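Some structures are shown below for you to check.
First chain A sits with chain B, and in the next complex the same chain sits with chain C.
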Partner chain A sequence: MTPQEVSVLFMDDEIHDTQATIVRDAVAALRQQGYDVTAVEKMSDAMDEFYRKFYKVFILDIDMSHVDDVLSQAGERGTRVAEDYRALDNGTAVIMFSAMGLVDDWVRVVNRHIFGYVHKGDERAIDRLVDLVATAAASDTRGLDLPTPRRSGQVLVCNAGASRFDEPALAQQVQAAGDFTPVFCTLGEMAERLTQDDFAAALLLADRFETRPAVLAKVDAVCAHQATPNVVIGCQGSDQARASILHLINARPFRLVNLLAGDAATALSEAVRDAAYWYGGNECFRAESRYVHRAAQNVDWQKLDEQFGASSEFDDDAREEEQP
Partner chain B sequence: MMSPTTATARDAGGTLYVLDTHVLYEYLKGQYGFGVMAGASPDPNEALRQAIEVLLNTQRVVIPYVCLVEIIGQFFHTNIDLDNYDQWHRLRRVAFNPILNKLFDPSERIVLRTERPRIQSLNYAHLPISKELRDRLTEHYRNRKEKTLRPREPKVLDGMDAQILDDAVCVALENPAWQCELVSMDETLRLAVDDLRRSASNNPQLPKNLFFRRTYSLPGLARQWNWIRSQTP
Partner chain C sequence: MDEATLFKESNKLFITCQYEQALPLLRQYDQLEELTNLKRLRNKRNIADCLLDVHRGRGEGDWAVEFRNNLQQYWQLLEQVNPTEISPQPLLAFFAVTLEFHLEVESLEQIGDKARATYREFARRSPKLESGILKVRDAEFLDVVVAEIERERRNFARPDHARRAARLAEAMLEELGDAERFRPHRTAINNLLADLAYFFPLSSEAENERYKRVSGYLEQALQASPHDDFAKIFKSHVDRLAATTLQIKRFGHDTKNRLANVRQLLERLERQVAAGSELHQTVLAVRREVRGLSLLGRLVTSEQPPVEDLQEIDPIELVWPLLQERGWPASCLQRVGTPGPWELYPDYVRIALENLLRNTVEAYGRHHIELPPEPCRITIDYEARTLAVRDWAGGVDPELGDVFAPYVSSKGVRDNTGLGLTQAREALEVQSPKFRLELAEPQPQGGAEFCIHIPILPLP
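Then we have the complex of A and B:
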């Protein structure tokens, strides 16, 4: 697929702001590569675009407060639009391009399986964005991968430095997820163990993952095994850990659990259960009904009625109720 | 996917519903008011869709894999908009998502049956039909209101029906403590199930716990349906 064949939707509230050079330069860089870029400054416009045209890649900002819009008036942020896009369609790669994301935003979008995250303030942010778009454009749209739900089996666990969880506590959370047996290993062993044995899920925890390339490469190697099994990562969510968390997001784990938020132990159990349930499959999310309804209005139901022949048989064969 | 036995072993003894494809289709169409015709009041199929919703939300249900293949095939590979394909396909995916959301409900009440098809399903469609079934079909078509036959009629197990019937047979055999009901609108499929039940009295390889249930006689629906019919001009 050539860049000219790749449609990119770019949503940013500063798209027309001449002071926002990073946005202007990012759009220019993508167009220079040959991508067909459509820029919108409102969240509602981005939702409308969903029904107008198919975009292979959707790049969006999180803080959308600079432009008046029905969704921003309702207190929504770009995070919500990313979630809606992911719930509506698995075919568009969603990439966050923002300088304002918070821990909650990061966790929300990664758990909806976005394609990537680039921080606007990062060095070489535009180059990273262009590279990520090229990767997304070259990736295949995943089909209907039906999961093979796993309710039992082994879960590979690596505690790479999560201070709140010792081995017995982690074993307890894994067993709370189902009929699962935890198998512990080190981070260095983890990727290799995933190739050697059958695991229903993998769990990797650390308070804060180091950003040394060697460490991050090991995390990437673990996540590369997905979706057999899916990988759950737990870490402490804090703004200071932004660099390592954004790397985790770009490794695309099945779940990212903030170990500092609420009942982290229960969240880990639920994440392991979900990861095992979606073994081998791509997760489907429930979309907001108004958006689904809008898509369904384009479906020619009368033609489908003819194919299934339900209504006419219903009328013809209507009789007194029969109990078997 | 799980076998029905796995899904139902915990509290065996109730009713297990095996769905025909059109039940999935009516459920899909009923989501968020899909397909409801403007000004068509009362909509005779609305009660049907509500009953299917209740069935899927409260009962143990088995969906034969061929039903999923059939509805996906009809939904994504017919009447294709070739000029605007990417967008057409995307909107279809969105509209189809309620089925996927329901299939992957973690409650485990709804099971997609993915076991390999048996050779027996070929036999259902290939072997000569019994004298009793021929007589029932003859009577059925004689009593039909329509003067002309539809395409493919007279028919019994055309298309995916032989496989759906065999899946229902397997589910019944695997779950002897359950009453298994094949839910369908297809009258000739009912005749085939009746014929199979007659044979079951002499053939231990056939289940005695498999029944046919017309979709419009789903629990709670028949009374509502009769009322709607009385209100419809």
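Then we have the complex of A and C:
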């Protein structure tokens, strides 16, 4: 796919602000690469775009308070729009581009399986964004090997320094997820173990992951094994750990659990169960009913019928049910 | 054993909390046919206590079935005994044990329904005197409910204790409805829910949503009891915190956005000016300053260093420019062992060293010692992986205590920011908890020596 064939939606409340150099330069850099970029400054406009056109990539900011809009008036932020896009999933790669992001935002969006996150305040932020868009544009999830949902089996667990959980406590949480047996290993061994044995899920925890490349490369190697098995990562969600957490987001684990949350233990169990039970399709996220209704209204059912012909299977079933 | 002996033996074990040993005897006692209903009733309460204590943490099992059967039999017996012989306290104690049982065994989804059903059964079967007065009133059962929510709130041994406590609280609030007589309990439970929401946030919950939820519970508490000081003070605190947090976030956002813009503008400038020109040098200097500003911002908030900043570098490359900047001689530097690169975040180690050297210069001035030709000696030990910084500036006053604690300083009021050594230590520890800055032991005569440890970090 050439850049010209890739449509990009760019949402930022400072899109028309002449002082917002980073935003303007980012849009310019993407256009310079040849991408077909549509820029919007309101969250409601971005939602409208969802129904108007398919975008391969959706780049969005989190804080959208500088522009008056029905959604910003209601206290909503970009994370909400990202969630809605993922809930109404049409295959668009969602990338956050923000200087605002905080722990809540990170955990929220990573668990909606966004494609990536670039912090505007980081060095070479625009280069990173352009690289990520190129990766998203080149990615095709249709060839994904889908796993079989697992109700039992082994779960590979690595505690790389999560002080709240010792081995028995982690074993308890894994067993609480279902008929699963925990197998413990070190971070150094983890990726290799995933290739050697059959695991229903993998669980990797640390209070705070170090930002050393040696450590992060191991984390990436573990996540690269997905979807067989899916990987759950737990770490303490603190703004101070931004560097490592953003790296984790970009490694795209199946779930990221904030170990500082009061319900972290239960959340870990639930995440392990979800990771193992994953049926292979996109996860179903709860979409707002008004957006679902709107999507349904926009569908021209008659045209679809004409295009594809009425589904004889379903019609036959319906006719049979109607028979006295 | 006869009844009297069994009673004596089992009770002796029970009251000395030897529940595991007491349980078989209590079961045996329960099987005796000659027991009065009252004796059997008391024994069943003791059995419940023992069952829960012995099996705590084991989840559902045969013991839970036995507990439930024992409870059913207790309720039946309760209706058969003379109400005047019943003491409220044991009844309330059994109610408390049953709530604990639900918290222990039931799934999160089931806790609420089970607790409500138990409350209704106990309240319904509470013995009534001929005058129509209940032996145990609703309010007394609810006091137990409040105490049990509070107990579970602090039950840190159970990983999901906060969620369980919240489930129990929410279910009981629903049970109480709007009845006027339950106002104090509604207040107490709402206050507990606010506390749970505040201190045990949900992993899926954003900070502002959490504050909203806390404030909502407190609002409910105040509706029931408008003069409840706990709810009033807590609510004003949370509302203020929510507003301040929002302001700080906005400030943080705007600052980071502007910094990103400045960085971007400098990148543009750098591309436009001729390499090697004076302006180019200025742009590079401004970029370094902006980078330093970001670094300080990260240090102040103890933020992790960026991934790409890690380098493998010979520490001499950090130390030597610092000495040169100050015009200090090469003899200030010593090397031990075979030189080689260390894995570290150079900017952070540089900040630590700069702070140590600044302290050195200040110490000479403070002690009215003329700066010697060799003001310090920095020893890089490649084997021990340490950087030792030693001076002859009078030494550290032992009266100061922990010199790395914030605002501990021997400098006069005029210069007293007191963050130099704190920041230096922070700059090392933020790279890895294994990186350390310490005062050397023992301290040299007439001077100070600090030691920076930068060990090789293994994979976790």
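What we mean here is this: the second predicted complex is superposed on the first by the 287 of 324 C-alpha atoms of A that agree within 3 Å, B and C clash if a C-alpha of one lies under 4 Å from a C-alpha of the other, contacts with A are read in each partner's own complex, and residues count from 1 in each chain.
Throughout what follows, a residue touches a chain if its C-beta (ideal position, glycine included) is under 8 Å from a C-beta of that chain, and two chains touch if they have at least 3 such contacts.
The structure displayed is predicted, hence computed values, not measured ones.
In the superposed arrangement, which partner chain does A:1 touch: chain B (first), chain C (second), both, or neither?
neither
With both complexes overlaid on chain A, does A:74 touch chain B (first), chain C (second), both or neither?
Neither chain B nor chain C is touched by A:74.
After lining up the shared chain so the two structures overlap, which partner does A:51 touch, if you call chain B first and chain C second: first, second, both or neither?
In the superposition, A:51 touches chain B alone.
So, does A:138 touch the first partner chain B, the second partner chain C, both, or neither?
Touch partners of A:138: none, neither chain B nor chain C.
Find the residues of chain A that appear in the contact set with chain B and again in the contact set with chain C.
Dual-contact residues (chain A): none.
Which part of chain A faces chain B closely enough to touch in the complex?
Answer in residue numbers: 51-54, 87-92, 144, 146-149, 273, 277-278, 281, 284, 286-287, 289, 291-293, 295-296, 298-301, 303-305, 307-311, 313-319, 321-324.
Please give the residue numbers of chain A that touch chain C in the complex, ascending.
Going through chain A, the ones touching chain C are 14, 19-22, 25, 63, 65, 75, 79, 99-100, 102-105, 107-108, 111, 120-123, 125-126, 160-161, 169, 172-173, 186-188, 206, 208, 210-216, 218, 239-244, 247, 257-258, 260-267.
State the interface residues of chain C toward chain A in the complex, per the touch definition above.
108, 159-160, 162-163, 196, 199-208, 249-250, 252-253, 256-257, 259-261, 263-265, 268, 291, 294, 301-310, 343, 432, 457, 459-460
For chain B, which residues count as touching chain A in their complex?
Touch list, chain B to chain A: 1-2, 21-22, 25-26, 29, 31-35, 44-45, 48, 72, 74-75, 78-79, 86-95, 97-98, 100-101, 104, 106, 108, 112, 114, 144-146, 150, 179, 181, 185-187, 211-217, 222-223, 225-226, 229.
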